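A, B, C and D label the chains in the order they appear, each numbered from 1.
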Amino acid sequence: MRRRFVKHRLAVCGGLVVVAFYLAAAFADFLAYSDPGKLDAQRILVPPQRVSLWSAGRFSPHVYRLVRTRNPETLVLDYSADRSVEIPVVLFAHGYPYRLFGLFPTDIHWIGTRGEPTESSLFLLGSDALGRDLFSRLVVGTRTSLTIGLVGVCISLVLGVILGAVSGFYGGIVDLVIQRVIEMLRAIPTLPLWLGLAAAIPPTWSVTSVYFTITLIVSFVGWTELARELRGRIMSLRHEDFVLAAELCGARPRRIMFVHMIPACTSHIIATATLALPTMISSETALSFLGLGLRSPAISLGVLLNGAQNIQAVALYPWLISPALPTAVIVLAFNLMGDGLRDAADPYA
Amino acid sequence: MPADVILRVRGLTKHFGVARDGEAASADILRAVDDVSFSVRRAKTLALVGESGCGKTTAVRCIVRAMPPTSGNVWFRTTAGGVVDLAALNEAGLRPLRAEIQMVFQDPYSSLNPRLSVLDIIAEPLVVSGVRNRTVIRDRVANLLELVGLRPDHMARYPNAFSGGERQRIGIARALALHPRLVIADEAVSALDVSVRAQILNLLLELQDRYHISYLLVSHDLGIVKHISDQVGVMYVGQMVESADCQAIYRRPLHPYTAALLAAVPIPDPRRRRAAYAAPGEAASPRNPPPGCTFHPRCQHAIPRCKLERPQWAELEPGRFVRCHRAHELQLRGIEA
Amino acid sequence: MTHRVRSAIGPVARFICRRLAIGLLTIWAISVLSFTIIQLPPGDFVSNYVARLSQTGGVGTAEDVARLRADLGLDRPAYVRYVHWAWNVLHGDFGRSLDLERPVSELISERLGLTLLVALGGLFFAWVFALPIGIYCASHRGSIAEYVLTVIGMVGMAVPAFLLSLFAMYVAFRYFDVDLGTVQSPQYLDAPASLGKTVDLIRHLILPTAILGLGAMTRLFRILRANLLDEIGKPYVVTARAKGMRELALIVKYPTRIALNPFVSTVGLMLPQLVSGSLIISLVMSLPTLGPLLLRALLAQDMFLAGAIMLVLATLTVVGMLISDLLLAWLDPRIRLQY
Amino acid sequence: MLDRAAAVLDAQPVLEVRDLRVHFDDYDGIVRAVDGVSFQVMPGRTVGIVGESGCGKSVMARSILRIVDRGSRVVGGSVLLRRRSGVEDLMQLEPDSRPMREIRGREIALVFQEPMTSFSPVHTVGSQIIEAVRLHSGSSRAEARREAIRQLEHVGTPHPGYIMEQYAWQLSGGLRQRAMLAMALVGGPSVLIADEPTTALDVTTQAQVLELLHSLQHQSGMALMLITHDFGVVAQIADDVVVMYLGRVVEQGPADAIFHDPRHPYTRALLSSMPSVIAKPRARLATLPGAVPHPLNRPPGCAFHPRCASAIPGRCDRDTPRQSVVQPSHSVNCHLYHEADPT
């Protein structure tokens, strides 16, 4: 299976991108050089900045100090660079404190400015309507979205594997009921369902509860695909002679299930899970985008895109739409990878 | 049950309900196996012969209880000497007997789990029966591999490293792991190349001579059957139509279907081309078998009685059972050796 | 006896009955689900209403609140309310929107046409493009065009519809100075129906339908291509070739015919996705379909309206899936004759 | 029987395969599926091509009609077809060209092992036969229908009108194979290639189909090329036999010579290892050691040498044996016979 996957060039590319994204998510706080939640009324809607690498013929990365002006006619805020003040940008700078992997307290970030606070000087991708650094928010938001996908898939996996396996192994009335339930769930348009469920989340709930509820909601439908897939595999495995051979040795159902059946399905499970992940991520993004999923102060790709809902604003401040790019890339990469995995798992499907 | 009989099947019947909602209207029943009786003797081979759909595979699957029979008895003589009815036991009651009846399958590819090494495959019966000591298991597997003509140092390999014939040997080794008294071989060589078939057939014969195992063989190939069996039972549309000693059945069949089968077997000798007589038409469907004798629409010798009355399973001569109204009067041709 | 009756009505009829029964069951389950969802949020319309009222300076006394509750039946147990609601729905009465203070059926029927138009338009788009592209890719395997089309298909399938529409709107607004967030050009807004108005409407709908169709199209195209490649290797294709048929005639006649089956059956499964997609695209592009109405109703806890919209959408989907099943039975004799 | 043999003695072969080579790309390399095969098919006679799995017999049949699967290609040799208009080399034609398509079905027809999957499951049997008729005659639909029914009657199907309206999966195995034959014969081919036509059938049905093939051939005088792994079937109906092993011919000759005077060690071993109904009960069989190697790992020299009891070290494992004629029309590719016949 590994050999067939590696032959799939696009899938390998997708896989590398996925790994890169998850690495970024693991080190999100390290990569986010500014505190993603810190408001700054003086730095609203700053456009993306250029980092100059050379200063007087010497390698010395720096940005210029921002000067805020208001256009007297249009009353639109303008930012210009004060070329006289260079603010050096340095690697491994000290910034806001955080815990790496939630364990080790530190305040080192990959870059930062020296002399002036990073929060008010460095805006690689600009800032949002509340003056928060978009790059940092993007990194942290990506982490949220990616983990929601992962947790959602885990929930789907547990549900799907158990129900699918039971359905396929025992057949009969159990199978009939589970299949009908799946059929019904699949007939419901997912979005209204999600909207309805998400609208039911009380606005007073904490960010964490909302996070887990949203995860539950997006996996509510996700498990059906996995259960169907697994049921089909288990059913066809039941007719394999090696399963009968094991039964004739006196092996009990549990052994048959775990020694002979589930391992034969792992590649399918992995492939289906990989293909389910991007659906989960885009579902969360869509919900939050509509304002029914995660809400500020939580940060996710959908929450960030929510700020880009107004097309006139986007036209004026195009950098607000930048969260669309990582969303598209991660979803695409997952699909490519999942596709390759599925082909590799079952070259005859 | 005579002392040398190890397995006696009486009136074995398996019906599949085709009806979906449980109400079994009579026409919705598929009579896969219908009142089949035979005995397998110790260290001897009984072959069930028949064309596809005749119920031979279903019959053996009922005997090993891969599915429950609808009715009938399957008496088995255990190592301890007692006789139990396998058809009446539940899963827990069967488990201790599993070691004594093993099976060799037709498809050398689907019968071995591709994800387990040969060691794990052959060791599975041992592990399930409670052997835990790795060295004991390895030694036993090495012995078994040698026994079936494979190199013991290949036990760490996976099935895909072996050819069809070698896989079949692995399957035989697995079946032998718990010293079974009865081995059921379902078309065990028909998926193999001609040049490999002979190796496996000879291996089965050798093992029988050495360990006094009884075989219940299922095959559609009358050539293979002649090489390995002591007794033959011929099945047609779920019923046993004739059973007898191997030599006798080939030389002088008593049932017209047996005769038709023998006449249809191509003989590998261009000098013995035969005026092709084959029974016309094709086997009836077990879903809707003809009334009376199921073979009558294809039978040259059918009389009006055959259409109306179902013939009884009767012992015409000592050891020769047949299900035909006219068996006593017909002179049918067999094959001269 | 029953067996005779069943065989007398024939396999096709039995198949249809079975499907119908499942469909009805699904709709019933959905009605319960919709009703439950509406009941989930803490508080109800009245408490929301009172909260809003007090924000704007109005005051509701406890008696007022209780009377309003009693009027709306909110003081009775949930199952009673469900039965009451379902009974009315069965008689075509969806109740009144509490928020917009208009009959729900009126609100829905205003917007149903456009909703259907967008969803079916997307489906049409998907079909029309997926079929030739799928056949082309299967018959030109390994060509550069096939590779490019496959990659485009991948992108189209992967990128969520709302991102695509957001992007399309941005491009249109920024570079073509067209505001896509309307369904009608300003000059036609209050104009009576005319050819010009219809053309204008269609022009505004092309992009949303295309975006909606793109996702479905790429999915269909990939399924069709995979099925075709599968079928092309089958012995009956070799047989047809051995008869002396031309390659193209061969692919069009045999494998396509068989590969169409999963095609039709996936259309059924795709309908829920299309409906969802059309909702979210409408929300982004502010098309007056049921999408924005549903969102508004949910946010306002306008129970009758939200429940009715969910029920209507789900029913439409179930009906669509039923049609696709029947189509499949008509297409494939194996299903038609063996069921 | 004898008259027929005499009549064809001076006849020209209707199909002649010369040094045919077909390769295909496998995951792990190039498989030489057919590697220099030559034989002739005489009009009115039956050639049995016998061999075990992987010997290349099916690939060869398809290459003759130029319908090999993707990834396979004919890399050399010629297939000469004698038509009324003269002799034509099929290897010189483009696979999807009009001349090649006209040869398919009209000059050379093909019947496969699995009649179930050889018919499209969503078209009726009748529509597929009608299509074959119209491909070759351009007749109207009604005429084609009558012709199709006539062909079905010809191959002995009961109720041909009813069979026409059925789907292949609704028919029994025997009827399917008969319908398949009817479809193959509508073009009135001069050569019928039957690839394992009876392998999927029960033994009584097999006897019926073999009998049918025999009588059809007798009536029309077409040549029959029967591909099978079953020596029994070959013995029953073939006039000439070609034995193949791993893409090469090891021995060919008249059926009687092959069965009663086999020369190649492979043919001999195979014949003596065959379980047969005429053997004594429980007789031990002679065995051939080992298994057929994967065509990708074909042993050098004579491909059979690792399993051959009389292999000559230093020779059989190095040199590819040439063809030696041991009797008129009986030849063998084996080093053992090179010494006896120093040509």
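Definition applied: contacts are C-beta pairs under 8 Å (C-beta built on N, C-alpha and C of every residue); 3 or more make two chains touch, one makes a residue touch a chain.
Quantities reported herein were computed from a predicted structural model and do not represent experimental measurements.
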A-C compared against A-B, more contacting pairs: A-C
Chain occupying the middle, per Cα centroid: C
Chain located farthest away, centre of chain D as origin (C-alpha): A
Whole-Å gap between the CA centroids of chain A and chain B: 57
Whole-Å separation of chain centres (CA-atom averages), chain A against chain C: 26
Euclidean distance of C-alpha centroids - chain B vs chain D, Å: 33
Contact footprint of chain B on chain A as seen in their complex: 240-242, 244-251, 255, 259-260, 263-264
Partner chain C, residues of chain A touching it in the complex: 10, 180, 183-184, 186-193, 195-197, 199-202, 278, 282, 285-286, 289-290, 292, 305, 308-309, 311-312, 314-315, 318, 321, 324, 327-328, 331-332, 334-336, 339
Chain C-facing residues of chain D, complex: 62, 65, 67, 69-70, 96, 101-106, 109-110, 112, 114, 117-123, 128, 131-132, 135-136, 167, 169-170, 180, 183, 187
Interfacial residue positions of chain C with respect to chain A in the complex: 22, 25-26, 29-30, 33-34, 37-38, 40-42, 151, 154-155, 157-160, 162-163, 166-167, 169-170, 173-174, 179-181, 269, 271-273, 275-277, 279-280, 283-284, 294-295, 298-299, 301, 306, 309-310, 313-314, 317-318, 321
Residue ranges of chain C touching chain D (in the complex, touch as defined): 141, 233-236, 238-247, 254, 257-258, 261, 331-334, 337
